[in-house]
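Structures given as structure tokens follow.
Shared chain: chain A. Partners: chain B in the first complex, chain C in the second.
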Partner chain A sequence: MSQLSLKVEFGGGIELLFSKKHTITVELPALVPTDDSTDDQSLMEDTAKEKKPANLAYLVLYLRDRLLTERAELFVENGTVRPGILVLVNDTDWQLEGEGDYELKDKDNIVFISTLHGG
Partner chain B sequence: MTSCGNPNVEKDALMERRPKYDGKTKICVKCKENQGNVVIRHAVYCKSCFFPLVQTRFKRTLEPSINPAPDGPRRKALRAAGSLAVGFSGGTCSMTLLDLVAKTYLTTRPTGNESMKGGTDHPRNSERGVWKGKPTVCYVEVCGAFSGQIDQTEVIRAIVERYPNCPFEFIPLRLEDSFNPSWWSSVGGGNAVDSARSFGLDISDEELRLTHISQSTPPDSSALTALKAYLSSVPTLTAVNSTIQTLIRLLLFHTAAAHNASHLLLGTSLTSLSVNLISGIAQGSGFAVAEEAKEEWTPRPARGLPVRVVRPLRDVGVKECAIWNWWAGLHPVDRPWYPSGAGKNAVDSLTRDFIFGLETDYPATVSTIARTCGKLASKEDSDERCILCERPAQRRVQDWKAQISIRSYSDATPAVSGITKPTHLSDDEISNLTQAKQESKPEPSLAPYLCYACHTTLTSRSIRGMTAPLSAQRAKETPLPMWVRSTLDGVVAKDSVDSEMIQSKKLTSQDIKSQIEQYLIDE
Partner chain C sequence: MSALPLLDYQRYGRQMILDGIGFPGQVKLRKASVAVVGAGGLGCPALQYLCAAGIGRIGIIDHDRVELSNLQRQILHTEETIGLHKAESAARALKSMNSDVLLDVQTVAVVADNARELLAPYDILLDCTDNVPTRYLLSDTAVALGKPLVSGAAQKFEGQLSVFNYGANGPCYRCLYPTPPPRETVGSCAELGIFGVVTGTIGNLQALETIKIILGLHDETPALLIFSALGTPPFRSIKLRSKKESCLACGKSPRIPSSTDYVQFCGGPAPDWVSLGQSSGKANQRAKVEELRQAIESGVELSIIDVRPPTEFGICQLPGSRNIPLKALLEDPKKCIDSGTEPVYVVCRLGNDSQIAAKALRSQIEGEITVKDVIGGLQAWSKEIDPSFPIY
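For the complex of A and B:
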């Protein structure tokens, strides 16, 4: 099982940064480059790069590099999601799951909710 | 924070980001049984305990204010003096507020787990009929203020009307209603067409002189034009944001008064309250800081009931609201975070970034801000109210400003400028008599009736520069919101009889420079 299929959902207006899609499916290799590169070449199975298990921190960078359509600064800040964006892993606050260090599993459901439009 | 630098850039240099949760236990602190689902200010809760937790905080904040007089030792049944109005924006906390109101007070019959997903605290019969009549939900559409924004009124209507058995009456408003005489008379403000005169504002210099607008009352169709003229005359992006907030606030107040509301609920969360408080202080509204947490507004002109403005989510963070919405299947209305025209670097946007950063890394700090501001009281109690935002104002904001900034004033001038209306003269005669005098005498000014924050909002151009250049004529005839015109009709006349009109003398930039020379620091 070298490939992960993840259900990624966006709420609270964050979908505006992802072509207004509320739900997407992301396919990731279970092992990703240690240097966090996200290009196709680096994700090939036969790449010479050093590998690590794919974690949430990597998913955030992958979403930013590959799927975000505008204003990256509203999603990522200092290498992690910007303050004011909540992350749920299988319906549980990512703070209970080690945040960025959480190792992704196949069929995981990851939710990003923005609270920046408080009103 | 060591300085007044950009918190966005500096906070990470000063405060190391750290994990919020130490991972010692994942068991819910409440039921001590289930695996936790969410961390709220360092405590772990499961999904079933989360809903009652938020609902309890909501009720604990709201309910002591419901009965007209505070309860004695024994808790009486909840009976409000009037009806309920809810200000609704479609945003995250607003969504949660509406949902809590519906599920706590308007559910006709508790229906097991569906009425409060996973919750155990069902509405009791005694909590029905707390308010008189059908609660109103007021929404202010702001798209008129910005080009390229879409009208969300119907989206909002659908959200409000989705609740079973239509417990709410939906009242759509528009920002430009602030300048609309029909709206003003519909909320019982009075007939603006019969009003003796119409003031405009000369915003082209700091004295904020009132001018007489030739055409007394603009027809409804030009309310939008008036709004745009008003906003484009406001000097900075920060000021545009706070001006819009003030207009929304007063539109909600007057609509609530017209519906005989005793309570107006706003979806201000702990997080946004802290943002408002800090950004308000930064913009000069320190005098009214205690009001932001809790306030009561007596309508002017007098009608209806005093309206208690309650923020029942002021002990609930925006994170809790977002999670509530997500788990309850509610989707806040999509809206760009920084509407065009509301600059990313405006004071409130910067404050928001700072507070959100704090809440993520140091959640307790944010509630400390709100609590501390709730305790602030101004040394001098004030009966005066600002004519624009209706918040308590210090008498004569100019006196205050005179103490802290460089200004000078001529002596008060007796009233000769036509703002009192001698009963034996017709309007035409008055205008003939006063026209010549207006050439030589300074006109009345709006400044004495403004709070410090509103005065600063309207005059801060000297620091930041104009948002857009105004034609000289437009700058001199900036329209005023209906409530300002209405109150002016009364108070300007009264004050000029009392010969209290304070006229300000214009300072040239040379005057100012010579006065502050000794304080200037070489660059």
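For the complex of A and C:
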């Protein structure tokens, strides 16, 4: 089964939720459990779980469960990113790419950026 | 074709000889009017370049007054204009640079009741403000008036730039952000910090986008420019969605009532951290700065824990105080208390984080140790005890 290697970037303050890291590499299997579980066991190739192609919605949950170091509600609300966070797929607003339904591809560049308000 | 004043050919000659501007372009600039809302970090550089380029009429709208802490980035204001309205201070600077430009100085706050009337006279609006409610208000007003909105924002080392409600199908601010961010995720420049060159960069780019629109040189593609001063590369341009049919402001069936309370919509007013930090709290849980001074001078053993971030602790600190940033303290409050029995005083900048820290410490302590936090924080220390202690 193939693996996806994703470049994930954080900006506008979102990096503070992820150990102040601006860029990380996330390795995900191309197929992930349909129940959205994110533990190692569920991600094993030989798990009996039903699988679906990894999409952006799954990546959001994976980041929340596996890499977030602050309170989850600062990143996720109602199963998707909270208001005020822009998600970009290869330099395009995810709203143009199907939002959470966008199926991740190897080497995709995903950016989570908080909208700024100061001036 | 109307001629320009004779001296304008000299003043604007360097830009008039550019293909794409020329004589007709300069006339367009002269006939154009723009409103700059906010004469702060973004507004100052935007105003400076718009005025220098020869825009005919500029509205400067800001109800704030100039403070010393503004001068690091709000480059039209000077030591002499501290205390003046920013709109007035900016107008003085612009007048000495280009006396030909008509400047409308407005020292009122833009609110739902006056926004349309204030902004109607102008062709293009610039959002150079510093808060979420006004950003929604300006976007809704731009849609209602049918004018493009050149929107800039900046915080820390990062900036963002977009043109909203422009072109055949350009989105408005609400198309992108139908729901405001939770109140607690929004900080101000005073809380989070801002680097002057960053607001300068975004403000300059707002002037550029505005001028491109006036000259017809803008390609109308909806985009968000993201600037990260420390990033490599520092700029990236993001392709944005077009207008959203379901948008409450600019969609098929608009339904934004003109009586909208934008502050409530965005989760209520910004907390007044200075006042909150000065609350007297429960008896024996908070100490006045005078009590801390007496405790220090009495020579008794005591422990002072400063819960600010390390960078702020590095700016100034009370002698003998230990820096344990709030986050680290909350992770393991027990570890922060020495085995002794001396009283603990917790301090921070204004006296808010210290309340959280002291509460966490108290909940973990067994025995007789007194834990208090300092009312008004180090700012109160400077104002009431030691005027030579820096305020930042």
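We adopt the following convention: the second predicted complex is superposed on the first by the 114 of 119 C-alpha atoms of A that agree within 3 Å, B and C clash if a C-alpha of one lies under 4 Å from a C-alpha of the other, contacts with A are read in each partner's own complex, and residues count from 1 in each chain.
Everything below uses one rule, namely that contacts are C-beta pairs under 8 Å (C-beta built on N, C-alpha and C of every residue); 3 or more make two chains touch, one makes a residue touch a chain.
Nothing here was measured: the structure is a model prediction, and the numbers come from that model.
Asker: Just to be sure I read the superposition right, which of the two partners does A:G84 touch: chain B = first, chain C = second, or both, or neither?
Answerer: both
Asker: Between chain B (first) and chain C (second), which does A:G12 come into contact with in this model arrangement: first, second, both, or neither?
Answerer: In the superposed model, A:G12 contacts both chain B and chain C.
Asker: Once the structures are superposed on A, label A:A30 by its partner contacts, choosing first (chain B), second (chain C), both or neither.
Answerer: In the superposed model, A:A30 contacts neither chain B nor chain C.
Asker: For A:Q95, using the defined touch cut-off, is the partner it touches chain B, chain C, both, or neither? Pick first, second, both or neither.
Answerer: In the superposition, A:Q95 contacts both chain B and chain C.
Asker: Quick one: is A:A57 in contact with chain B, with chain C, with both, or with neither? Answer first, second, both or neither.
Answerer: neither
Asker: Between chain B and chain C, which residues of chain A are contacted by each of them?
Answerer: The answer is residues 11-13, 74, 82-84, 86, 88, 91-93, 95-96, 113-119 of chain A.
Asker: Flag every residue of chain A that touches chain B in the complex, lowest number first.
Answerer: 11-13, 15-16, 20, 74, 78, 82-84, 86, 88, 91-93, 95-96, 98-99, 111, 113-119
Asker: Which of the residues in chain C end up touching chain A in this complex?
Answerer: On the chain C side, the touching residues are 38, 40-43, 128-132, 135, 152-156, 158-160, 176-182, 185-189, 192, 194, 199, 224, 226, 228, 231, 236-241.
Asker: Please give the residue numbers of chain A that touch chain C in the complex, ascending.
Answerer: Touch residues, chain A against chain C: 11-13, 22, 73-74, 77, 82-86, 88, 91-93, 95-96, 113-119.
Asker: How about chain B: which of its residues touch chain A in the complex?
Answerer: That would be residues 12, 17, 19-21, 23, 26, 35-39, 44, 47, 89-94, 267, 269, 271-272, 275, 318-319, 321-323, 325-326, 331-332, 334-337, 352-353, 356-357, 359-361 of chain B.
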